[in-house]
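Look for chain A in each of the two complexes below; its partner is chain B in the first and chain C in the second.
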Partner chain A sequence: MTIKVKVLERPVGEVSYLRATVKGLALTFKHLVDPHKVTVQYPEERWDISPRWRGTHRMLTTEDGKAKCVACGLCPTVCPANCIKLVPGEDEDGNRYPLVFEIDEFRCIFCGYCQEVCPEEAIHVGRHYENAEYSRDRFVYDLERLTSQSHAVCEMWDPADPKGE
Partner chain B sequence: MIEPTLILQLPHPQLPPSTGVFLIATVIKMIVIFTIYMVGVAYSTFAERRVSAWIQDRHGPNRVGPQGILQVAADGIKNIMKEETYPSYVSKALFVLAPGIAFVPAMMTWAVIPFGAPLPTLWGRIDLVVADLPVGFLFTLAISSLGVYGIVLAGWASNNKYALLGGLRSSAQMVSYEIAMGMSTVCVLLLAGNVSLNEVVQQQAQMGWNAFLLSVAAFIFLIAAFAETNRVPFDLPEAESELIAGYHTEYSAMKFSMFPISEYANMITASAMMATLFFGGWDIPFTKWDNTGDATVLKALLTFGAFATKVILFVLFYIWIRWTLPRFRYDQLMSLGWKVLLPMALVYVIVIAATVLALDMAGIARGPMFGAILFALNAVLMGGILFVLDKGRLISPAYSRLDRSRVERLRAMATGRSHLAGRGTGA
Partner chain C sequence: MTAPAMVNLTIEGRPVSVPAGTSILEAAKAAGVLIPHYCYHPGLPVAGVCRMCLVDVEKAPKLMPSCATTVAEGQVVRVHDDKSLEARKGVLEMLLINHPLDCPICDQSGECELQDYTFQEGRADSRYREPKRFNPVEDFGGDVLYVPNRCILCTRCVRFMDDVQQESALCVAERGDRAVIAKAPDADLTQAWAGNVVDLCPVGALLSKDFLNKARAWELDRAPSICTGCSQGCNVTLETRDNAVVRIKPRGNPDVNAFFICDEGRLNYRWMNRQDRCLAPTAAGTECHWDAAVAAAASALNGKRAHIVANASLGNEAFFLLGVLAKKTGGSVRFTVPQGPEALLPGVEDLALRADRAANAYGAELLGASRADDPYRGLGAGDTLVLVDVDPASVPAGALAAAGRVVYLGTVVAAGVKAAAVLPIANIAEHDGTVTNLRGHVQRYFQARPAPGHARPAWSAVADLLIALKGEANFLTAADAFAAMAKAHAAFAGMTFDQLGTRGAAAAGATAGAGR
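Now for the complex of A and B:
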């Protein structure tokens, strides 16, 4: 039995190598003289990141510079990645505050539940993505680091404004 | 015919210099040309990267120095600092020698390419060509064939099947296209009546550029030059889809870098040959003053500028083609070389020889009239060739149109059993 080959008879205009070459050269030349570049020249130019971007955390502080956190324990409870370590403490006036508040950014999945659940609006996920460090242990952010960071924080999804406009 | 008085004569800007000055001038010219050439090679790699980036809507290397112009220095330093690996079982002497052999012939060709009108100096008139060989043209043909040795030796010495295949492909390709290339340049010699490249340039200044007088030869030469320099679409020796990296698979560091360098060196040399043979060399178009009268410094500089511009344009054309066309298949390459270009070149030599003979016998002087007749002839020939090539037969085995009767027969066979029914039974 012979092998059957589908034979297509195309018009010359479609199969001509010369015309295809000329067409291709025209196309590349068009791009050469008028490139519509989409590359972002990163360190100088940056994307505007979404207001709902969830990056590394930041702890907001009160006017006197203390963390707003009242060590209620909701964020370690809700955290699906179990990355928040919280040891609560209490001062003479009975105010609760975190003795230890550490977030392991390697474990974190940046779901933003900690921010959503926080009654004091203390812990936030940040609009920030440049997190490189020289050692792995620098990725466990302690309370001091969380409070000293200054990048913008995430605006959580608002049901009244689902598209974030 | 040197008269005795000439030897004792005082140096004069319009006369050839004395032997001592000639030697010194030649050494200086060698150094200058080598420097310009190496910088040119370095910057054509940079141009390749930037132009390819622009064609693909990217930026390309733009970080090292303003707009990335120091990128070539960074690349060079990187390549020298890298570790050189020697695979076991390589033929070490040849393995080390091959990159050099690949590079040197490209550079040697430059010795005979005239790059400007003569330069008058206090010590005599200096021709702007390193060695104005009377057989300059034959020299370029001979040397350009040597370029393949570097690649073949690299492929063979590597003791690697892919490298060897790349080397073999390269040699087959070079042999195939060398002939068409040589044949196309025979026409140039027929017109110039001389094999000195300076004479070829002068002839074009008188009669018009060979690109118009011998368009078909220019066309063949252009295609063959692409094949000779192993550039896309003829870069089969390093076809990465089937041969890893072809002949330089086993190379690393600066030895590897020598191959791209020699590729660009070849490219610039081929561009210079193209410019010299078919596009008037250092002749400034539409003017006569640069070819006649006394040599002046201004003339020398402007003609050198014209030559450099032509070479750069051709290098850019090479790059443009590279980022447009896909690679040929090996059989397409061979059939294009042997079945299309070679017969075309052979017939063309005969046609041009007959025309030149007929025009000479008719008593038409070598000048604008002669050029116009040749141009008309070439326009007709070129139109015919493009018409035939346009019929989809240029790369015939990839797709050749079946004639109607065969299509009918195949259709009749196919209708007997449907395509899907036939698949299950198998052959």
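Now for the complex of A and C:
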């Protein structure tokens, strides 16, 4: 027993591939002459990134070059990815400071909570995306590296004015 | 004595019945309502200076301080109505006028009552625009540091020194907003129990120098334990950070230590974090499997008299099983108790830093061990010397030479002890168990962190030895071992781990202490 297949008759104009090919080629030729560019010639050219961009961290310093951090422990507490290691200590003036401050940038999810919670405005997420390294262990940023980096930092939104108006 | 008359009242709509003479604050606690307070502490006389515990009592013309008002029949107390909340909000705003906003660097942060209550009922901002009062940090001597800026002048510390320690070393100096806590001239807070003012301080004004800047309160893991510093057996909480004990805090127990511990117990925790721990079992000096080391120890004990010398701070379970081992081999269990000066806390009945500086001498004697000045006396030439958690440096070379064989169960590496077998054991922070204090109060301690390496609790190691010697000691947990002990010894009859809980219970026939 054969299966009966219903064959629909369609007009040649609709069935032919010619129309679609011509349409596609027309778009290609349009882009050939259109001055609108989307490709960026990286690394000579770069896109502007948002002021709220959250990239790898930076620790701001006081005028005498010391980290602003007072080792209060709020950033490791708030960190949802548990990527901050902090051991508090005491300096010769009896002030609290971080003996160890390490951020595992692989573990970090770049939520920016650490910057938001910091009472001293010390730790910041950076407006920065070029993070390539030759070895994996270089992605654990210690205090020295966090303070010596100089890239721009994220401008966290103002909770009272979240849209920046 | 007849039971005091009961008074019925209503607190926050909840009916409560409490003995006459109770304060409203304590009655509310019984009803499950926390009335915010600073100057009130159940272990201290009532002062009524902080005005934080103001509550609305029906038919009273104005708000009443609940710490200083006793309950009355038919009273209706409202804690969270608009009137009391408004009053407490005002008190908090006043307290915060001169209180610095340095929570991020304050050690009390996270366990600060000012922080908690401000978060609960305080204003979101301050209306005070003038500069805050400033006073420099002062060292009060002992373990105590005073940060006057954070002080809210609740005078808990002053009352502790006056009425509990009964050596007036602190007072309130100056008047008005210049008032600060000052120490008496030439007086330092070096009294044996003075460190308690740090725990009593509801804010970060009195700080422990030992704990300063070490950890934040919320990073700590806590486990109930018993102080092994002396035979008083004060209830403590071991606080660990990254599996290291960083602080010891008192844990309230009206039967033993009220709310306090002495400075010696508070600061003596570093030995728990020792790095020279015994990690692996050895047989004849070479590292081996646990079972092989147990077999080596059993063969050293087989047919020999066991001369067991144990640390008097070991748990009841360990002493019970050591007793079984001694009986099986015809030997004996001995211990020595280190001595130190006694330091009474005059304000609390029957509480002192005892001369016997070990936790379980009473329990050990109940379980058949004998106290000796020289525990190595009577060691025969053919005997096997079993050392259990004994400081290896304290073992005389003569005893080691006299013993036929040595079996070492210890927490720390013993280089000078040539042992037939070494079994690593856990210290008090690393296992569950019970100890018995000098008044026969049996109390549990809980595990605060994992044991290092292959270390096992002492009772477990001894149980393995007994099994290897064809004895009956199949215990999976400390509770099992304790249950077997309760069956075998009348003093512990009927006790279980669950029943002891965190408060403990008196052993049968215990010498009743004063006020107990």
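Assume the second predicted complex is superposed on the first by the 130 of 165 C-alpha atoms of A that agree within 3 Å, B and C clash if a C-alpha of one lies under 4 Å from a C-alpha of the other, contacts with A are read in each partner's own complex, and residues count from 1 in each chain.
One rule holds for everything that comes next: a contact is a pair of C-beta atoms (placed from the backbone, for glycine too) under 8 Å apart; a residue touches a chain by one contact, two chains touch by 3 or more.
In this text the structure is predicted, and so the values were computed from the model without any measurement.
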### Message
Contacts for A:L74 in the overlay, against chain B (first) and chain C (second): which applies, first, second, both or neither?
### Response
second
#### Entry: Which superposed partner A:R136 touches (first chain B, second chain C, both, neither)
neither
### Message
I want to verify the contact counts: of chain B and chain C, which reaches more residues of chain A?
### Response
B
### chain B versus chain C as contact partner of A:V38, first or second or both or neither
first
### Task
Figure out whether A:G24 sits in contact with chain B (first) or chain C (second), or with both, or with neither.
first
### Task
Check the residue A:G89 against both partner chains and state whether it touches chain B (first), chain C (second), both, or neither.
second
### Message
Quick check for you: in the superposed arrangement, does A:V12 touch first (chain B), second (chain C), both or neither?
### Response
first
## Note on the structure
After superposition on chain A, the chain A residues reached by both chain B and chain C are none
#### Entry: Residues of chain A that touch chain C when the two form their complex
70-74, 77, 88-90, 94-96, 119-120
### Task
Could you pull out which chain A residues touch chain B in their complex?
1-7, 9, 12, 15-19, 21, 24-25, 27-29, 31-32, 35-39, 41
### chain B - residues contacting chain A, complex
51, 54-59, 320-321, 323-325, 386, 389-392, 394-395, 399, 401-402, 407, 410-411, 413-414, 419, 422, 425, 427
### Message
Quick check: in the complex, which residue numbers of chain C touch chain A?
### Response
103-105, 109, 137, 212-216, 218-219
